[in-house]
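Notes follow once the structure below has been shown.
As written, the chain order gives the labels A, B, C, D, E, F and G, with residue 1 at the start of each chain.
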Amino acid sequence: MKHNLILRVIAKLLIPIIVLYALYVQFHGDFGPGGGFQAGVIFSVAFIFYALVYGIETAERVMPESVLRILASLGVLIYAGTGVATMLLGGNFLDYNVLASNPIAGQHIGILVIELGVGITVSSVMLLIFFIFAGRARQ
Amino acid sequence: MMYTAAALAILITMGLALARALLGPTVYDRILSVNMFGTKTVLLIAVFAFLSGQTDILDIALVYALINFIGVVAVLKLIEQGNFFTSGEKDEREVESE
Amino acid sequence: MIDNLLNITLLAFLAITAFAIIRIRNLFAVIMLFGIYSLLSAGLFVVLDAADVAFTEAAVGAGISTVLMLATLALTKNHEEKPPAHRPWLPMIVVLVTGAALVYGTVDIPSFSDSEAPAHKHVAPRYIEEGFKETGVPNLVTAVLASYRGFDTLGEVTVIFTAGIGVLLLLGRRRGRKRGDEDNNET
Amino acid sequence: MVLDILSWIFLVAGGLLGIIGGIGIHRFPDFFTRLHAAGTTDTLCAALILIGLGLQSGLTLASFKLVLIFAFILFTSPTASHALANAALHGGLEPLLDDAEEEAGS
Amino acid sequence: MIETHTSLLLVVIPLLAAPVTAILPNGRLPWLLTLAVSWLCFVLAIWQFMQVMDGSVISYELGGWEPPWGIEYRIDIVNAFVALIVAGMAAVTLPYALLSVEQEIPKDRISLFYATLLLCLDGLLGIAMTGDVFNLFVFLEISSLSSYTLISMGRQRKALTASYQYLIMGTIGATFLLIGIGLIYSETGSLNMVDLNNRLPAVFEHRTVHTAFAFIVVGVGLKLAMFPLHLWLPNAYTYAPSAVTVFLAATATKVAVYVMLRMVFNVFSTGFAYVTPTDDMFLLLGVFGVVFASISAIGQKDAKRLLAYSSVAQIGYILLGIGFASALGLTAAVVHIFNHALMKAALFMAVGALVYRIGSSHITQIRGLGRQMPWTFGALVIAGLSLIGVPGTAGFISKWYLVLAAIEQQAWVIAIVILAGSLLAVIYIWKLVEALFFQPAIDDTKSVREAPLSLLVPTWILVLANIYFGLNTELTVNAATIAVQVLENIPQ
Amino acid sequence: MTHIISLTITLFLLWLGLSGHFEPLLILIGVASTLLVVFLATRMEVIDHESHPIHLTVRLLSFWGYLAREIVLANIDVIKRILTPGKSISPQMITLPLPQKSDLGRVIYANAITLTPGTVSVQLDRDTITVHALAKETADALATGEMARKVPDDGTAAG
Amino acid sequence: MDFIFGHYNYWIVIILMMAGFYTVISRGNLIKKITGLNIFQTSVFLLYISIGNVEGGTTPIIAEGVEQYSNPLPHVLILTAIVVGVATTALGLALVVRIREEYGTIEEEDIHKQDESL
């Protein structure tokens, strides 16, 4: 295990912080730099770190590949679904103004939701790609 | 002004680290300089945030401070084990590097 | 002043790194230098006031790109690039022609950071002046990204999704097809 | 005013330290010794510069983030250095050692 | 509600269906969903085409932001025409795909495969509909990434290298396009096509705009396999799974041609495009493309590869049409986009049916199969005649207009080249016919039976369409004439 | 359980510190995010006394004070060596005993060694630690074991 | 002189573009090609960001007391382009892995040799 002892302890310490930071970036894209894509990448990096230290199999137990596939699809569906919802509410595709009684609130909700979609897809696809690449060595 | 001085100093350090990365000679020297370069980038961004008065930028420095070393860990893991798959816990053998 | 100095120095570093990446044949070293390249470009984006872009480059460069390239290297095992067998004069000509075209085009491009450039006078002012009022989002990049040009971002997510599916199709777990079995048992 | 002067001192000291560390990674003969030089830049240099910046911003969100940056560097930097040294040793890189006997001779 | 959103639904429906398909269980369900979506798109595309048939324009503001601040979908007859081709080809290809894909793609990848196919369709439709140059780039990448994946799914290992080569060249092309877009943005500050068209004339003299134009032409040229940039195409079409070859051959390059037309005529405008020596360049590349690709086609030993080279030659004809810079020439080009999609899809389908039966399209392997698979063979012959340009087939119409355009400009050399191209086509099609019909079958394939109905029916639909559009030229030529007016900015 | 609670609180405070926006919606999102992180961390099994040494808080603080002084001194030493012309270093590789009983203690010790320039911990074994030192003097100073005694150690959890 | 310095960013961008482009089309190593592609793309990102920069401007995040913002539109475009770049890289690397599994090499030359010998 050698150097992994230090890595393991540091990983335990850092991973929750990285994940929280990813979520912070996700939800503060409105105010500062950041947003769904960046958050998604950071989120997946936290898991990659986990997988590096504790092994891919452990990481896959926490986040199975099948779940990741569904999440990846889900993100796209959330985004496109928001567009469809605005269409059903009488606006144009992705016209968030119709989502709430006043345009600003509508925009706010719309942006929050689609950024969430972006974050979910990006994080799960990135992680999926990493798992596939790293797990390839087994075969 | 003081930020300028600090920024300049960091730039010079970055240049020195870059030179080491280019010269090598071993792959470890390069990793070392990349790591050092990462820290310097964090500092440069932090200084620039104050220089231009936009403290929002600190988030970027923060993200580098958090995840830059994961790249280094990945390199080392690869050099030691030759793949990402092995969990390392039970692994004692060393795959020759490079 | 210092902005320009930072800009110039970082760009110079970037050019040096790029040439080193071309010249060095050890792929490990190339990937390491690529990390530096990414750090430098993120730094430059910060200096050029593109915080969001820098953020993305930071997350991607430090997190994903390096790890993916390393993972590929681990699977391919060839860590040393072969020297080219002959002098590649045709690529050289193509590149020089491209470069010449770009230089030709750059002559008339508005000066760097000229606030009177047409790029800043037509569509962009509306985003800057009305963006906050119309979307309630202070980060104008997010406002444009998610609202004004939200459809592009939908496309962007789809691109990522496509890449994910593509990688799954290519490298997914169970091997569906067997072609030659020569080098499949690498562990 | 006092704060400004303090900031100046910290920032300049940090910057100088960084440059010296940078020189160190060129002056020292092998990887392991360079590791020490890089260590100086990672720790005290970062600390001084971040403190210098922190003094300017006072008790704000920015300072909090500076503290976080510092804390993360403090955690990650030695971990990376250690991992690197460990990998180098196992990768077959022989440290250039200076044994006591030889030292007497040189 | 549907009327206002038709154009958008064309893009959004495949986009929504793709992630759903990706998580469906393998089996026939993904195919069924994809089929339904493609037919739905076809119906929508027809509807949309009817709406703009008279030359009117549909504008759709995405996100409710008026252009140029938001992204606009702007459908005139050109977009609708291309969208119709794409959706129509998808609708015909999918019934064909069922068996072919089941045979060529591993069972556990079926749902992912169809999801990728849907994404590719979505990307192509997105390119066809958008009125924003950057949005075009994004959808171009969706279609490109999915086609790289689709091509790599071929059974031979060369599919992988073909796909990689395409990825590299395609990405270079896309990056060139991106550089071009960046440069015109720096000169005008806009990304909306109509807006650009209004603002660009003021800066036509700027060298930056010239460079931007060159980069866009080269970038799109890479995507449409314009003559010296075609190197990726033969490999990609040869080694891709049959259904993918059919779909891509019928749509991908056509959409790229559309982008070229749009960029050259509607973003820059006729005025700009022909001040520069572009028209001569297109003519030159067209001539070289026709001659060299046709000759290369003759030398091929693989039926799919032969047809792939023939595609490069056909793109040469389209470039000639563009290069003439006349209404007649453009009409020929637009008609040929449509006709070539019909005949090349039919040909690839026929060859795909052979591959389905014997697992190869090599010319020594398919010998004598014409007698055992008469329907497949018949389809191949008729579509081949159309490719040559025999009167009574669709191919004749576009060649006819092309020759007329050449004569109009008294470009005798080019007229001769066009006829020579047809003669070369006779040779390579004859090569196939000879192998299939006049040579004895090899022992392994003695017992091969006719291709299954689900492969034959789509093939024959396209073959009949070839004949129909060869006899009834009203629809295509009328549409093309109006389209040319739109492209040349002639007020109606 | 106490670790989970304390982690939750720490993370939430971190969120507030990062965020700087105190609108109800964002606070709510913050709570949700924190809970999500805790959930994931539980699934990953990374919450325990090692990652979250609440029981060592006081001793850690005093150790950090000591460490800060050491780092400054060590830095000055290394700087001198860099700037001294000629041969100023005498690299050493020494193996020291590892008195800490817990993994956490060992990690803190190893990292503290690395953090002070002039010494880098190269390998961590069960009972010993191998250190590369820049000079004989630094190695000797470390060998006195002063730092090892100051490291806060969780005596109960044997590694 | 003014002209040279006024376009400094663009000159470097052109050099980077040429460097990246050259790597892509002249090198035979498949991974190296992808690195070249990345450099090429990054140079385009820099082109856009340079276009978007405004003298004395700040990051386009609305803040008190700031009058001049940089142009946000190029930033948005490049965010999308970066994502596209990552996606392409991932797919390209996946292809490289598959090619290596089938051919046992990642050098273009060797692959051609194997293809021809068949």
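Keep this in mind: a contact is a pair of C-beta atoms (placed from the backbone, for glycine too) under 8 Å apart; a residue touches a chain by one contact, two chains touch by 3 or more.
Here the structure is a predicted model, which is why all the values come from computation and not from measurement.
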A correct list of chains touching both subunit E and subunit F reads A
Under the touch definition above, the chains in contact with both subunit D and subunit G are A, B
For subunit B and subunit G, the contact-path distance works out to 1
Dominant interface by pair count is C-G
Rounded to the nearest Å, the gap between Cα centres of subunit D and subunit E is 59
Distance between the CA centroids of subunit B and subunit F (whole Å) is 19
For the pair subunit A and subunit E, the C-alpha centroid-to-centroid distance in angstrom is 36
Where subunit A touches two or more other chains simultaneously, the residues are 2-3, 6-7, 10, 13-14, 17, 21, 25, 31-34, 37-38, 42, 45, 48, 54, 69, 72-73, 76, 80, 83, 93-94, 96, 122, 129, 132-138
By the touch definition above, subunit C meets two or more other chains at residues 31, 49, 51-52, 54-56, 59-60, 62-64, 67-68, 71-75, 102, 106, 109, 117, 119-120, 123-124, 127, 138-139, 141, 143, 145, 147, 149-156, 158-163, 166-168, 170-172, 179-180, 184, 187
Multi-chain contacts in subunit E, i.e. residues touching at least two other chains, fall at 15, 18-19, 22, 62-63, 134, 138, 141, 145, 148-149, 152, 157, 179, 185-186, 191
Which chains touch? The pairs are A-B, A-C, A-D, A-E, A-F, A-G, B-C, B-D, B-G, C-E, C-G, D-F, E-G
Residue positions on subunit F within touch of subunit A in the complex are 7, 11, 14-15, 18-19, 21, 26, 29, 33-34, 36-38, 40-41, 43-44, 46-48, 50-52, 103-104, 106-107, 110-111, 123-125, 159
In the complex, the residues of subunit A that touch subunit C are 25, 29-35, 37-38, 41-42, 44-45, 48, 65, 69, 72-73, 75-76, 79-80, 83, 93-94, 96, 103-105, 107-108, 110-111, 114-115, 117-118, 121-122, 124-126, 128-130, 132-139
In their shared complex, subunit G is touched by residues of subunit A numbered 31-33, 37, 122, 129, 132-133, 136
The subunit A residues in contact with subunit E across the complex are 69-70, 72-74, 76-77, 80-81, 83-84, 87, 91-97
Subunit D partner, complex, touching residues on subunit F are 17-18, 20, 71-72, 75, 78-79, 82-83, 87, 89-93, 110-112, 114-115, 117-124, 132, 134, 136
